[in-house]
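Working notes for the structure below.
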Amino acid sequence: MTLSMNTPEFLVERNLDRCIKCQVCVGQCANEVHKYDKETDSLSCEDLACVGCHRCVTLCPTHALTIKKFPLEFRTNANWTPSTINAIYKQAESGGILLTGMGNDKPYPIYWDHLLLNASQVTNPSIDPLREPMEVKTYLGRKPDKLDFSDGELLTEIAPQVELELPIMFSAMSFGSISLNAVKSLAAAAKEVGTMFNTGEGGLHQDLYSYGDNAIVQVASGRFGVHSQYLEAGTAIEIKIGQGAKPGIGGHLPGEKVGREVSETRMIPEGSDALSPAPHHDIYSIEDLRQLIYSLKEATRYKKPVAVKIAAVHNVAAIASGIARAGADIITIDGFRGGTGATPLRTRDNVGIPIELALAAVDSRLRNESIRHQVSLVVAGSLRNSADVMKAIALGADAVYIASSALLALGCHMCQKCYTGKCNWGIATQDPNLVKRLNPEIGAQRAANLLRAWKHEIKEMLGGMGINAIESLRGNRLMLRGVGLSDRDLEILGVKAAGE
Amino acid sequence: MIEINAQGIYYKELNQQIHNYIAEGKKDIIIKNVNGQRYIGDALPQGVKLELEGTPGNDLAAYMDGAEVIVKGNTQEGTANTMSGGKLVIHGRSGDATGYAMRGGKVFVKGDVGYRVGIHMKEYKDMIPAIVVGGNAGSFFGEYMAGGVLIVLGLDGGTELVGDYCGTGMHGGVMYLRGKVPSYKLGKEVKSVELNDEDTRQLTSYITNFADYFGYKADEILKAKFTKLIPYNTRPYGNLYTHY
Amino acid sequence: MLREGQVRIPSGCAISGIINRKGNRFSGEKIIESIAVMHDRSNGLGGGFAAYGIYPEYKDFYAFHMFYDNLQAKEDVEHFFNEHFSVELSGIIPTRKVSSIKKSPIIWRYFMKPLPDKIRDSELYEDEYVVQCVMKINSKFSGAYVVSSGKNMGAFKAVGYPEDVGEFYKLEEYQGYTWTAHGRFPTNTPGWWGGAHPFTLLDWSVVHNGEISSYDANRRYVEMFGYDCSLQTDTEAITYAFDLLLRKHGLPLDMAIQTVAAPFWDSIAHMDEKQQKVFKALRITYSSLLINGPFSIILGSKNGFVALNDRIKLRALVAAEDNDTLYVASEESAIRAVCPKPERVWSPRGGEPVIGLLEGADSI
Amino acid sequence: MQYVIVGNSAAAIGAVESIRNYDTENPILVISDEPYHTYSRPLISYYLTGLRDEESIMYRPKNFYDRYKVETMLGRRVEAVVTEKKQLKLDNQEIISYNKLLIATGGKPFLPPIEGATGPDIYNFIKLDDAKDLKEVAQPGKSAVVIGGGLIGLKVAEGLLKNEVAVTVVDLAPQLLNSILDAAGAGIVKKCLEKKGMEFHLGTTAKTIQNFGERKIVGLADGKEVVADFVVVAVGVVPNKHLVEDTDIKVNRGIVTDHAMGTSVEGIFAAGDVAENYDVLFGQNRVIPILPNAYEQGQVAGANMAGQKSVYPGGFAKNAIGFFGLSMVTAGITTAPDETFQEYSSQPTEDRYLKVVIKEGKLVGFVRINAVDRSGILTGLLMQQKDVTDLIPQLISEEIGLIDLPQDLRKARLKGDAVQ
Amino acid sequence: MKKIYAQEKYCIGCRLCEVYCSAVHSEYPNDLVKAFNRSKIVPTPRVKVEEDRPLSFAMQCRHCDEPHCLKACITGAMYRDEESGAILNDAERCVGCWTCIVACPYGGIFRDESKSKVVAKCDYCLDQGDPACVKNCPNGALKIEEGGE
């Protein structure tokens, strides 16, 4: 074997005064960083294998472990950064496409952090959400242009809607990309809090059919696990065209993750690769999307809203308009900071646009075309906290999807190694030894707590604005001001600068 | 036996009629003058039998879950899309992406089929989908194929049994082509192997059905030499990626 | 200094409204007296009135009250009027000198009918045609502003205290069956008369107290339906919301009211199934028309008025009845000033409308 | 008197504790010919070695009788039971009436036919008094012959050795611990004891004991003679059943008892080493003179005396014993009696040996030398009588865990109370 | 009474229950580092993690209603604590004969290597509040409850 240029990313430090040699770290590291030598009764670390997931640090009962960046410096070079150089070493060694996990980690501007929310002072009152009613219930689905009454009787039939107790849902993550326990956690949390989880394109595991009322079932290009019972099981159906982390390319669940349960759920043989083509091969043009939307509506006898999810790409506004006109009831837009279990690095870091701009553009475009009220707009792609949610809604979203935030709630430590299948937190793995590390009862509580906490915060901020129903924030861009943004950014976002 | 005249009826209404009849317990329906109405047979369960006369629209028998549909005519694009079970017999030709992501049931086409037929077919346990094509098939036949059975008989002659990139990305299932296919037409993930007894038994069974539906003699068809195509392995892209 | 419309100016207010349900007309003196009691709720930077039944001799004509900043604007708009309407009569609106009211624009009045062939070409209903013309003048004609555009009604407003504005316009000389009034407390000194209230469209008029927090959500919704919120005021957005619901979408009045002051989901959950369906449909369909934040409004029309405040009653509103006359005002004193001993005085609940309709009218 | 218990050891205590579960009022009388607070008989070997004093071999705390409202007549011997009258006659001629009677008189030493086997310097090792006597004479430098290589014999031999008394053990059987160990296991024990200096004459028996000045000469059946300062006869115990011998209470080897630990006479129960009951492994009635069984039988008897319907499911032998740090547990049948049994074992080493005996796929006995940990898991299997054919390799491995059990058994054990 | 139940499907085999059990029964019940690094002999944990990946679970005394150990105890050291109902072993009276070990079908009693010849068994950490194993299980795989699943 020739020399490998790989050097450790992390340095594992063990405080021997604190270490009690309990070997919890040894058992907990799926990457086999920690080793116990019986002969010398000592522990050693293989730094090269460390991915910085902090499992050992978190479980070490005496806090004897620290993980640091490996202090290996290249000569300073603003152009040839260590990560750029190391990427080349890896590719030179393997000839492969660089694969990574989670969302874009490059320092592109985060517009949420350049938007500020408003509050009431004197000219209208803020509301105290602890004692006064504060409504965050949200309905997703197609809305009529108007209601018709005759002699006081409502004539208009309202299309099927997804009812949410708060405008935050768990974004599509397939059973396969994440563990069954992770999906169960999210499903149970969604049920508890009154929102939805999204199956992703992994089908719906038998254990999860009981969560159908809280499920949005996805139909993606691979059509894994898609059959009539599946379509019937969910509250809504989402057609996945694209994903923020990897616009324009398909997915690939490697055969080693297709164990018995994944195989059953996806309805493919155990151990077989699950390939999701880049496009839907029945959609090569926008009118074909209409065909798929209505084939799903036909299959479910028009009882379920159909959503279409796209990645935020350059002409997202026009595409969204086309989707609305193709009959979608809900449009989901996933920004380029959205996460994933596995994506080619270059695609993740270089394709697509930020969700803030995409959302503003789509909302404005649909309003200019006077069709914004007909469809619901859901955005995803790194909503990190309740303020991001507020800002998204003020920019024009009906609701948001969270995924990375939800996984963090379950214990994800953002090591970005989901694609290895060795998630030490039991989330992005199918290894039964690792999967059991996520107790779905605990996971559900943590995920539900996150949503409850955000809901409280949203109510606080809404109250501060003198608003007691979330719909009065939707598209209410006057509640936003930009800081540190160019005029062009402000124009696209449709907000004024702070101080204006 | 119920008869519907579909002349000038919009698909939504036509399908609603079909569903109404099914709800009434009438499950044998002949639909005449079909022309372009989409989604006929969409997600219909076992026990329902539709006979169509004319040219049904796209996504015929999509998500079909056990029903039987007979078409006296040609079918368009997206036929048997994501079909789960049942039987579709087409007394004509069928369009592009027939049997896309099909996971169960059987489709018999008397004539040719379009591009990307059988793309991303998959199987699970005893749910093994199959498409039998009497004529020839277009390019990308069985692309991404992950399971199931594709059979092309080329009974109408012509030189192109299948188009280019046959079985590209294939990682499961099997294709039987009646005759020879030049290797340049095959996707790089596919290899040609000899038929074994099990293949012959399987092939005979499909072709016997085919011959019954369309008035051929199975023996005659089976006389010719078949090419069997299977993927090299179930992990075609295992080495494509490197860990960042 | 940016004026109203170029910038959004929060403001507080006083409102008052009087209707004689028999349609008997009375002079503007009474409403001036009523609003004057609430002098301290305004700050002299805006006052105005809407009066119904004041032009019986021209009741079939759209009465346009106009402000012009200069003669050029007047000339341009009159050219536009001549292209789109047949003008029956036009002239200055009579005013008297009041020391506190300064920098008056050119105030002109027109009684007009749309040109029939123009309506035909536009493929619009007559009302919608007029609305489009109003929108066009307000957005495209610099220095011109439509104060009111309804039939047999008019709005009178100015920068000043409302009682001074009433004196300025000689409202004691007008006879109307419905009067509403507004005293404004804006947070800056725009000095622009168009910014005063009421705001009107066709025969709708809105006087309104409180700054609504849902403004931009409401605005961006109505703008999808062809309205241009050039003033950036709540009153304008509310007017358009009611125009959309009542005139364009034909919602029954009570449904329109339940849209802007929608019941809470909790309340809906306790309704019977049929009601639930209706109210859920309203909230789902018109969620963006929920008026959120403090408001009390009087929505006037030729048929009467509806007074309403927000669903958690962040603004005060009092109503009183005496014989055929219905009073509403921000404060009870404003009613007692003109009707010392009404038969009934009450405070409506949050979101509960006070409806005063002319005899024989079934909706506003 | 509502309840009268003759005997003051494990079976008696089990009965008292059980009666008081159901009846906190009616008087209980415990009569014992030993004058001591209830003590643990197995602990007399600890007393002998000095590891425990008289105080600390008490089976229950000092306040036991008070707490359980028990009247005692200690040092008082019951001479007879008059079943028709429901009366007991005491050695002081006192008559005690009973309503419910438990006979828990335990065992007494089995005295083999040895000429000269009575008299001074010939001891038994059953009771505290025996241990007290022995402790007097067990002085460093002395020598002793222990007749009997079973549990009692070896415990006393070990105790004497620890007191620096030279010990020779004589047993008729060719191996030690004949009743609880197989030959291979016994061989390991023997080697261990020999290393400590113990001497053995196995496969032979003592025929005579003669005085030789201050000392004793033990004559063996094989003609050899062993000289020692004193002799301990510890061949075994037999039920101490003299009390019922002239009554209509049915007696076999021990007092015959039913599932309720009742005797053939209504109102009279028997438990412990004096009673014979069902051995689940042998499939017949036997006396199993071990403390856990005595206590449990006492409990069942007590409950039934208090009017409950309690059933004794039968028992089997299980023992934990150790000699000089060599610890072992055994249970059930340790040597296959015939070809319907199969034996599986590890290769015996100097200090480790694991064995199971299987009949019809079920575990009927085991031996674990120096692999005591978690051995109860096997006991549980023995009790449950489930098929263990697939588990045999695990059953003779040093580390046994619940994880080695099939899922259903494992889950049941994790839940607890699954093995009764 | 409440008992500690192992949730096999969530036990991750980390053995923190054993670690904490040893510590709370050491001389330094509140200091893991001292408990392990300064104790002469670290106490035997009274809970045992059994593992055969991916299966694992932690097991301790079941505190039976009809405790075999208590019946088998030759010294009377094993007793039921009246207040808590727990089965406890009085180390002063225990002679380490191991009869309880061979009697316990759950394998819930261990030889305590830190003390000479006594057994160690779960005492519910009665003087510590909640049992240390339950408190410190990072994955909710040990539950103290009535009944169990």
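Letters are used for the chains, namely A, B, C, D and E, taken in the order the chains are written, and counting of residues starts over at 1 for each.
Methods note: contacts are C-beta pairs under 8 Å (C-beta built on N, C-alpha and C of every residue); 3 or more make two chains touch, one makes a residue touch a chain.
Just so we're clear, the structure is a prediction, and the values are computed from it rather than from any experiment.
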{"item": "Required minimum of steps from chain C to chain E, each step between chains that touch", "value": "2"}
Groups of chains joined by contact, in the absence of chain E: A, B, C | D
{"item": "If a chain touches chain A and chain B alike, it appears here", "value": "none"}
{"item": "Reference chain D; chain at largest CA-centroid distance", "value": "C"}
{"item": "Chain whose Cα centroid lies nearest the overall Cα centroid", "value": "A"}
{"item": "Separation of chain A from chain E, taking each centre as the mean of its C-alpha atoms, in whole Å", "value": "43"}
{"item": "Length of the line joining the C-alpha centres of chain B and chain D, rounded to whole Å", "value": "80"}
{"item": "Centre-to-centre distance between chain E and chain B (centres being mean Cα positions), rounded to whole Å", "value": "63"}
{"item": "Approximate Å spacing (C-alpha centroids) for the pair chain C, chain D", "value": "105"}
{"item": "Shared interface positions of chain C, touching two or more other chains", "value": "none"}
{"item": "Chain pairs in mutual contact under the definition given at the outset", "value": "A-B, A-C, A-E, D-E"}
{"item": "Touching residues (chain side chain A, partner chain B) in the complex", "value": "87, 90-91, 93-100, 219, 221-224, 226-228, 231, 252, 254-255, 263-264, 266-269, 271-275, 277, 281-282, 291-292, 294-295, 298-301, 342, 344-345, 417, 419-420"}
{"item": "In the complex, chain A residues that touch chain E", "value": "17-18, 20-24, 27-28, 59, 61-62, 431-433, 436-439, 441-442"}
{"item": "Sites on chain E touched by chain A in the complex", "value": "7, 9-16, 19-20, 32-33, 35-37, 53-54, 136, 138-141"}
{"item": "Residues on chain E engaged by chain D in the complex (per definition of touch)", "value": "3, 5-6, 8, 48, 50-52, 55-57, 59, 62-66, 68, 71-72, 74-76, 93, 95, 97-107, 109-111, 148"}
{"item": "For the chain B and chain A complex, residues of the former touching the latter", "value": "11-12, 15, 19, 38-39, 42-43, 45, 58-59, 62-63, 65, 77-78, 81-82, 84, 97, 100-101, 103, 116, 119-120, 122-124, 127, 143-144, 146-147, 169, 171-172, 234-244"}
